[in-house]
């Protein structure tokens, strides 16, 4: 391998695409050599994203897995779920390593995937081969992986909030609640009425309260941490902001137990570059991670009772998508974990 | 009593003040004859609130309970907690009926009040005499009341969400969670750094996760509904919007129980003019009640499991404050419950 | 004519539709009996607009001008330009009076229309018969009109700002500038990428700087006021807010002239119920008219020089669309001009 | 000089302070060794600005110019105007080079300063010694300067928009208009009612229409470019967004002149790293520069007439304040002009 890494982005005209381009523009060891988009083919990347004027001269090209594989050391797949399922195997078989940002390879159990996504999985053999790309859990496997399934935004925030509690067994595995709030960029760049500024601004609503596709991914990750199945209720909400995701997670201590929760969290993430355990009593704001790959956590125990409340914030497009993908790439190629992720958050 | 009612507003320069003035401008049977503000005394109401140009020619006057009582049939007290405690008894003793929008007379147990508000209650005898002004529970007592303690915004949304479940006994009284989200107007009109647009916009954070003053009010109301103490965790969040409050409430069904939740809610509020039970599967948005006195509710049971999720939205300044106060006034004086509250929400 | 007026809305699934429904819900002398939408036919109005739950039980029906005409005294046509052109003549010929909210009948000069809108006008005879519905100029003709062409949002704000200056001849008719800023609802409810919250929020940009379709309407109105052609530059901007339109208008006094501008404006609008001339030195905010039919104006003369600056704010959906349409209906049917428009603005 | 430069920030608890800290965190040749704040002294920088957790361990110290001078190669003065006037001379006299972000040394004419700022200048001798820090005009002098007066946000955007036109003499020097729109962070971090989210969100208003303090700075810069006095009207507006400044500038071509405006702009800024002349017909959005030091310009000539319209966008906290200050520092110390300013804008 010769640096800089040659990187391609398949499906680059959405928000994860532009965010990958932004982060990789400042990456010391990687260079984006191709960006594809069926819809925007032929247009300059900067015509869609003027923010990148001066940083790239690429034009969007038609997606062609084999041609990408020839030119690239790694491809980020930003295609939507259901499409990635077809493209990703072609990429890996053509010899390129892949970080897939869709949901298609996150769920190990084919039946669970098919239940929640309502379609037959056309590459079921790959489910077992993909490595779930949460570096705070899986760094070793990610380093060796040919195919990394990059976690969803909600699952990232919720798992990082609850892992210390479930891994250590200090809380019950049932009665868990994850009440999560996301900015509108989490819903993507496709034009939909309910995401218009005039619709979504100055308002808040829940969605998917009866069941959301990120639930099985959350359950899978938490069950792995707990060593047994968990029971969790997950309700996402759409918040009138561009970026930012806040998960408020609730768990129960057994009667009579009073663990050192602050210490537990600090120890669990002592070696994690991108997880920041805030001081006791803190309430992290999503803006404190805006544009950065950080997850900030605070753990509370209201009234010194049995309920534990963990507040978890990420930027849904960075740690919740493109930043985590870059972090995974860094691990896969033996680069410094924080390469390309070194800018502080934008505040205010 | 001769109509129109003569109404005064003590402490009218904040958001509840301007909202009362807006609602009462369209009230067929009430007229605001005095608005006080120590800070803005002498200024025209429209100098602070140009939106009211054409609707009022009042100037702010110094607060003087006895002088207000002489001129008014009813006074809305918009003074902050700790101040209302002194003003309200003087008003009632001077013979005027009062709707108090502060927290000072909401909690019946003096010790609980003093614990959460950190000060001695200087009118403890009044705690037993005040009627808690949630019309969906207390309409009869409100009609007769001299002093109505208008509920807080969070307690209104949370109680309306959970009352049908607790009154009917279909859920457990412990393990309750109320994860609530409020627009910035809920924090008032006083200048504070963390409420600046440049701070609070495009961001979301929890606050008071370790314990918030609205908790004892919620506990008191829910315990009354359940007929026994309840155990609830309440976490409020600041959302980048002006108005709107969304409470996402979680409760547990006992094993093996599958009640008709939709029917339960519809029956409970069949006679409530301002509570709208949405169809099954709905997710009310705060903007669907913007500027109106409605509470819209939707009840979910994810995966047909034991967890019940109730979504509850109000406009924090209307049903969560000034609108509920007008509703209480209407009951107290035998007016139609919806007088002054007849405009549809503003959408978009 | 028997009250209440029977009113139809053709093309009711957009923002002018829901705003007409909101305003007419509180109208003492009119009742909406039909709302059409090709796209949403069969759906309940409240399924699209839950804010109207409790105010209407209508379902959207297919647009059929003749059937509407049978049932209605007046039809508001909310169809987009190019469509209205076909529907409106059928409505009027079927005997119903019409307020058309599209641009199709605003421009008297067919060639000008066709130049700016890039299509042949299919009802050119109607251009001369339509009355331009700016009540502050045309109240007399509106009262008699069969067809009122409701002004655009930008033209309303700009004309009201500049009429006093041009009618009185105190400023030059050239060198005029209208720098206008609008909230996103002005662009309608159709899903477009650049109007997504994640695109349009926390950003501002101009558009149409080389020429915007509202320019000829502005020029026509101002020329009428001045009695001669005017030369004006018009640049609109998209602002990250839902409602509100602010026009900042610049005009030049001749050398050596120092008119009483404040008095000029106050006299011009003394009889206009919905135009509020603010005190000297004021800067009206769009929120001071949110949800209301008011236009608030302030006139400045920086440094006592030759430049006059007029600040003009409206709610683009009310005085800039649906509210002005209701005002026109009131005039057409001899109702009080303010019927249905009596609620104060929503602030904050 | 040994790298990294030792840098101090006097008055670091406002938005320019936190923005300097953010930019300098990524600067390869500079290190912040001191940050002062009278109000926040003793607190950790990250206690006020959690976004910087992991990037700085500084605590705010009391401002003491002489002690700063001992430790620093350069001090950024973020003190408010009227305070900087006293601190800056002490710093320079103590031997440290200074970039002052206040208005105190921007205006060369003492009388003009005192007229607009309403106070006696206590360091008038320094007015002539300070170099106006607009690198696109003054790079040579900045390199040698002991004291750089960093331009205001509005003056930066307006001057960059109009310089090509005035330097080349293609437009008239009178009849200029700058209609400017700024996000709320431009008004600073101090708590003021009108800047609350609940006040300023979802609304837009002009301010200072009768005369704003940035006007004399704009006039001074443009007169310098034109070689003669200019006549310009400047009206700023408060926009509901955090960052971003859009200046819409209007100038007049003489009769019969049709210059190649696009070419004029492109040539003028060919060597300017941070000024991006957009393609013909473009409308730059403020978000296209969010978080970056870029100014993007587009020049229009509506209807091929005499009016020239220049659209100019900057991030008010970067090119309008902290970023330009870093750019000036780079020039003063012979570093690469873009050091610390290399991250692409944050979009969406």
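The chains carry the letters A, B, C and D, assigned in the order they are written, with residues numbered from 1 in each.
Following the convention adopted for this analysis, contacts are C-beta pairs under 8 Å (C-beta built on N, C-alpha and C of every residue); 3 or more make two chains touch, one makes a residue touch a chain.
All figures in this text were calculated on a predicted structure; none of them were measured in a lab.
Compared on C-beta pairs in contact, B-D and C-D come out with C-D as the pair having more. With respect to chain B, maximal separation of chain centres occurs for D (centres as means of Cα atoms).
Annotation: 36 Å between the Cα-based centres of chain A and chain D. Work out the mean CA point of chain C and of chain D, and you get 39 Å between them. Work out the mean CA point of chain B and of chain D, and you get 45 Å between them.
In chain A, the residues touching two or more other chains are 15, 183, 185, 189, 198-199, 201-202, 240-243, 284-285, 287, 290, 348. Against chain C, the residues of chain A that register as touching in their complex are 15, 183-185, 187, 189-193, 195-202, 240-242. Contact residues of chain D toward chain A in the complex are 15, 18, 21-22, 25-26, 49-55, 185, 189, 201-202, 242-243, 276, 278, 282, 284-285, 287-292, 294, 296, 317, 342-348.
By the touch criterion stated above, chain C contacts chain D in their complex at residues 175, 177, 179, 181, 183, 198-199, 201-207, 209-211, 231, 233-235, 237, 239-244, 246, 248, 250, 252, 281, 283-287, 290, 298, 300-303, 305, 307, 309, 311, 313, 348.
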